[in-house]
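Each structure below appears as structure tokens.
Two complexes, one shared chain (subunit A), two partners (subunit B, subunit C).
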Partner chain A sequence: MLLRQGEPAAPPVAGPAHRLKAGARGDGRLAAAFLAPALIGFGLFYLYPALRGAWYSMTDWNLLSRPRFVGLDNYARLLHDPLFWNSLKVTAGYVVLNLGIQLVAGLGLAALLHRLTRSLVLRSLLVVPWLVPNVTTGLLWMWLLDADLGFVNHLLTGAGLPAQGFLTSPDLALPSVAVITSWSGTGYTALLLYAGMLLVPRHVYEAAALDGSGEIRTFFRVTLPLMRPILAFVLVVSLIDSFQLFDAVAVTTKGGPVNATRVIYHYIYEQAFTHFKMGYASALALSLVLVLGVLTFVQMRLLRASASDLA
Partner chain B sequence: MNRPSRIRIGRPLAWACLILAVVISLFPLYWMLRTAITPGRELAGDNAGLLPRHPTLLNFERVLGLTTREEARAAGGSGADLDFFRYLGNSILYTGLVTAVQTLLCAMAGYAFARLRFPGRDLLFGMFVAALMVPPIFTLLPNFVLVKELGWLDTVPGLVAPSLLMTPFAVFFLRQFFLGVPRDVEQAALIDGAGKGLIFWRVVLPMSRGPLLTLALTTAVWTWNDYLWPLLVAPGEETRVLTAALGIFLKQSPNTAPDWTGLMAGSVLSIIPVLLLVVFFGRRLVDSIQFSGMKG
Partner chain C sequence: MNKAHLAAGALLLLTAACGGSGGPGGSGADDGPVTLTYALWDDAQQGAYQQCADAFHKANPGITITINQAAWDQYWQNLTTQMVSGKAPDVITMQTTYYPQFVKNGQLLDLGPMAEADKVDFGQYRPGLADLWVKDGKRYGLPKDWDTIAIVYNTALVKKAGLDLGDLTWNPADGGTFEKALARLTVDTSGRRGDEPGFDKSKVAVYGIVAELNDGSQGQNGWGDLAVSNGFRYIDKNPFGTRYFYDDPKLAETAAWFRRLMDKGYAAPYDKKSSLGPDVVLGSGKGALGITGSWMIKTYLDSTEQKFAFAPLPTGPQGRKSAYNGLADTVYAGTEHPEAAWKWVKFLGSTACQDIVADSAVAFPAITSSTERAVKAHKAAHRDVSAFTSQADAPGGTFLLPVSDHGDEIDQIVGTAMEEVWLGQKDARTALTAANQRVNALFTAGG
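For the complex of A and B:
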């Protein structure tokens, strides 16, 4: 299942399901009444657009003239579009950076929380950045990283280091974006991992302590291996989420400087709403569906292979 | 000798790291507020110290449209009309409407999938689950076209349409919850002669306040944060929501010297509801995130 970051996992299904006895005809009429609004919503805003999107991807539509069927031309073009490949490369780079920072920092934070405190206030404070709208996060960090007046450069120059154009330098822009989104996501990731750590039973730690294992050794040898399922879950959710980065880039760098942060989502957006190439944008979007589908499939296989050692 | 001293250093060090993480999480937000109460003209010379030298509410007044255009320009504004009162209202309307209607309708749909018997149920539900896997951008393009064709650009119906009636996730989430509700209660009411519709309203819904609230909170946060869709379909002054307004504000601001004090004042306004959520629902938010973690 393709979860976005922040979706609460659905509650588990308890026990074998016994069916409520229904009349011979079932509950057709009641079901129709209960489902009608959701079905209308689904048909109009999920199913219909999906079919339409697939159709657009085989036309040369530009929002102005009538769409003309061009077969698979858009897909052929896409394969030879350096900007498309660049956007995939940039996206992959961002995903690696963002996941790397969030997993390492999130694990560290989770371990600290787990060993030090059960404070709800502390956990609530850590999750605040995640609740801030992405646009606001982008604006705020544009200001903090501003080349002239930004607070971060203020710190750098105060320490005798040269000021940096974090979001205007082709080398620094993508890492900067990853730092920005990590600022907003790490507290959330830490909370997920913290919950996973709570599942490791106490006696395992007691046994480790009796064997004379120190804090750090216990963490790497006991805690981490026992957390494989939750780590895999967090990885899947964050990966799919990171692939769809848009808001932060749209606000801070708009894909620049020189394509350095032009992630796939932003590239699709530009093709559709700056160049009005609806047909081509739809082909790109459908390709993204495929890429994410494959990634999800591979990850689910890995997930299944990572059943908990606690079971 | 060695061991106890290591512990004495270790714990304070660990606490220091944790406190540092909280500071990193919150300091940027504090700096946002500090900038918002700094007079625009003094920003360049006044960027150290916990409080600005001459704190002012002028930046809030001008983004809320309470000052004249001349006053706003004198304070560092670009002269563009800003009316964050309206954007705030639009955001509240957008979030409130989507959250309330979507949660209720998806509860009905989720219940139907969990408890009612009708032909094609599994097929339909399978389609909903499949839709969970489609990245939003794919349906966003044709949905924009549809809203445009309907003449709903810059209207509230256009803004809320795709998310008002359902999201596959909400239906899925509540169906899973209803499947786990013990049937005894419903059985008892059924024997008393109540219909399943009545049971849903009188028994199941009141029992499900917790998960409904969790889902509603999640939906509210997403809707409040939503940027691309409102920016595309409802950028007009009448229907502009806060996130879109901030994006447009930045675009109108000169590239070389953005109106930082005004932008930060607008940003502060956009996170007030978020902070209220944490104050009132902190425990539930944290619990629902951790619940996902336990589920993992």
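For the complex of A and C:
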């Protein structure tokens, strides 16, 4: 009886277990196959270059000569390089300006989209500037903002105001660049934030409305706190993105006037491909990795990005 | 599985792409058919050099030339990265600021022995041009063309001002008749000229001069020429000196004079000047005059927006001085066909090719007789280029631009210091003295 009862019972128990084990092995292979392209890509285009970069940062390689090991010389030089510190300062200034404009404008746009209209056409129009290649954006604005022949100055002088050297004055160049990149990036930020707002359940808003909370109060007391994880995500991504500013500067100001827009990426590029100091450029790049890593960590920590108040 | 195959395939493709660096031409021997790549940056010259390439191919059926043109802004970066991957063009158009760096890293072939064996006559070139390309007894290039500097002006605006720019004088104190002319050419929005009472410098419609001030360490298109005519010397020895004199008060005076033009309203303030280049601003009619190089002759004279003409530079305290610069053709040290490459360079440096270039009038060829031919070609097309040529022929009328190591870094250091002066952030003396210390430190650091 026991046997007879156990016999038919055994396979169903053992069967799935067997199948599970076999399946696990099969999945492993399949998983490896699925992961391989990403892993190979990561290894080939990220890990290997990063390791090479780390090695070059300890050499005096100038692209054409044989790299010679110089230890930490490049890093020692970096500490005393006023242009490096200047580029960090300029970059920080740009990041603050750019993040500020993009977040405020992006939140405003997202709130409008969320509460006023959900038109697909409007949402699509928002990202159009973001779809324009950065170099095109840069060239476009360079002509528009030109001190002498630009359309914007034409409007200014037409209204009786003095013309401005938007990209040629040391005081205006960096803010101008920040406005240009914000022009192209805000729509995308707004879309991300809008998606975050959609995650906030409707009933919360109904409850808020019942409690007599107005539109603005609801926004600050309900919407913003509840979309903290997405805010954190947007902040981290935009921060890293702003640190990597290059094309707009390369097209419009080339780092000038007098270092006013020489952001860290442009400085690295100049060292590497204008002065061919690959070793020093690598050291600069690795220092930037360090800075970005610390900043990201701090941000994630401060914003408790992995925990949602909705849960 | 499929994805893994794809990845493997992509890898294979990649290695194939990387491995295919055998260079153009393929066969290593020089007796088979050979294809050489020739790099240049000036698209205006490409046609003329294609004619040279065709003529060369006719004479040497075994060698085909492929011209590889890349704009100036990308040219040097392309070249360097191509050298890193070992497949740079076989023959390269070279410029004096950049060539020391390539020589230092052993990327250029010493053409001396071949030039000697083939008895190249260096006397046929205009004086000074051939010597620029010799370092430590090794010759790296054959002269290709040369350029000088002159004033370019809008003929209508100058006529309206009733000026003759044929023989201007200049000094850094009061600017001489040059500054007087600039004042006269400047017009504010209510039609008052810069030398008339009531001129409003904050509302200028036409600037007297559109100066190319963001001009690196040499100021070829303006401050350099005037500074030398004021007695300034760039470097202790040219080519390949090791001490610069950017702290010379003669240079500071000149820079300060340019800065004063902005204060007086004869030139656009540096922070409010167009970043689109003097030729665009002059073409728009918002400026009356500029200082430019002979390579721009066709751009200005063929302009459909304005009518332009050229005048000699003003005469400074030490005479009238124009920067004089030359290009050369060089051979990449990694070429698989040095013999064929030399043949092509020799052809480029001979009357056979330089006369072709002369007839198309896109540049002044380095060979004296070919230059005369280019002048004739310009004359036949009713282009008056005597401002450039007579300056080149005048005794002591030209100076060679400095050639030294660290050219790219000096360019940035001095260029930034000059910007500080133009912006009024520092006075010329302070900015240039500090820059000069940094420049000379490059040579003592043993880099």
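By our rule, the second predicted complex is superposed on the first by the 258 of 311 C-alpha atoms of A that agree within 3 Å, B and C clash if a C-alpha of one lies under 4 Å from a C-alpha of the other, contacts with A are read in each partner's own complex, and residues count from 1 in each chain.
Going forward, a residue touches a chain if its C-beta (ideal position, glycine included) is under 8 Å from a C-beta of that chain, and two chains touch if they have at least 3 such contacts.
Note that the coordinates shown come from a computational prediction; the quantities given were computed from them, not determined experimentally.
Contacts of A:40 after superposition on the shared chain: both subunit B and subunit C are touched. By the touch criterion stated above, A:225 is placed in contact with neither subunit B nor subunit C. Residue contacts after overlaying the shared chain place A:292 against subunit B, while subunit C stays out of touching range.
When subunit A is checked against subunit B and against subunit C, the one touching more of its residues turns out to be B. Look at A:273: by the touch rule set out above, it reaches both subunit B and subunit C. Of the two partner chains, subunit C is the only one that A:168 touches; subunit B does not reach it. Of the two partner chains, subunit B is the only one touched by A:120; subunit C is not. Of the two partner chains, neither subunit B nor subunit C is touched by A:201.
In the overlay built on the shared chain, the residue A:257 is in contact with subunit C alone; subunit B does not reach it.
Contact with neither subunit B nor subunit C is seen for A:100 once the two complexes are overlaid on the shared chain.
Residues 33-34, 37, 40, 44, 63, 142-143, 146, 148-149, 273 of subunit A are contacted both by subunit B in one complex and by subunit C in the other.
Against subunit A, in their complex, subunit C makes its touches with residues 1, 3-4, 6-7, 10-11, 14, 77, 80-81, 83-84, 101-102, 105-107, 202, 214, 268-276, 280-281, 284, 286, 408-409, 412, 416, 419-420, 423, 425. Those residues of subunit B that touch subunit A in the complex are listed here as 10-11, 14-15, 17-18, 21-22, 24-26, 28-29, 31-32, 35, 43-44, 47-48, 105-106, 108-109, 111-113, 115-119, 121, 124, 127-129, 131-143, 145-146, 161-166, 168-169, 171-173, 175-177, 179-180, 182-183, 186-187, 190, 195-197, 200, 211, 214-215, 218, 221-222, 224-225, 227-228, 232, 242-243, 246-247, 250, 258, 260, 263-264, 267, 270-271, 274-275, 277-278, 282-283, 285-286, 288-296. On subunit A, the positions that touch subunit B within their shared complex are 1-4, 6-14, 17-22, 26-28, 30-35, 37-42, 44-50, 52-53, 56, 63, 105, 108-109, 112-113, 115-117, 120-129, 131-136, 139-144, 146, 148-149, 151, 154, 183, 187-188, 191-196, 198-199, 215, 229-230, 232-234, 243-244, 246-247, 250-251, 265, 268-269, 272-273, 278, 281-282, 285-286, 288-289, 292-293, 296. On subunit A, the positions that touch subunit C within their shared complex are 33-34, 36-37, 40, 44, 62-65, 142-143, 146-149, 162-165, 167-170, 172, 252-253, 256-259, 270, 273-276.
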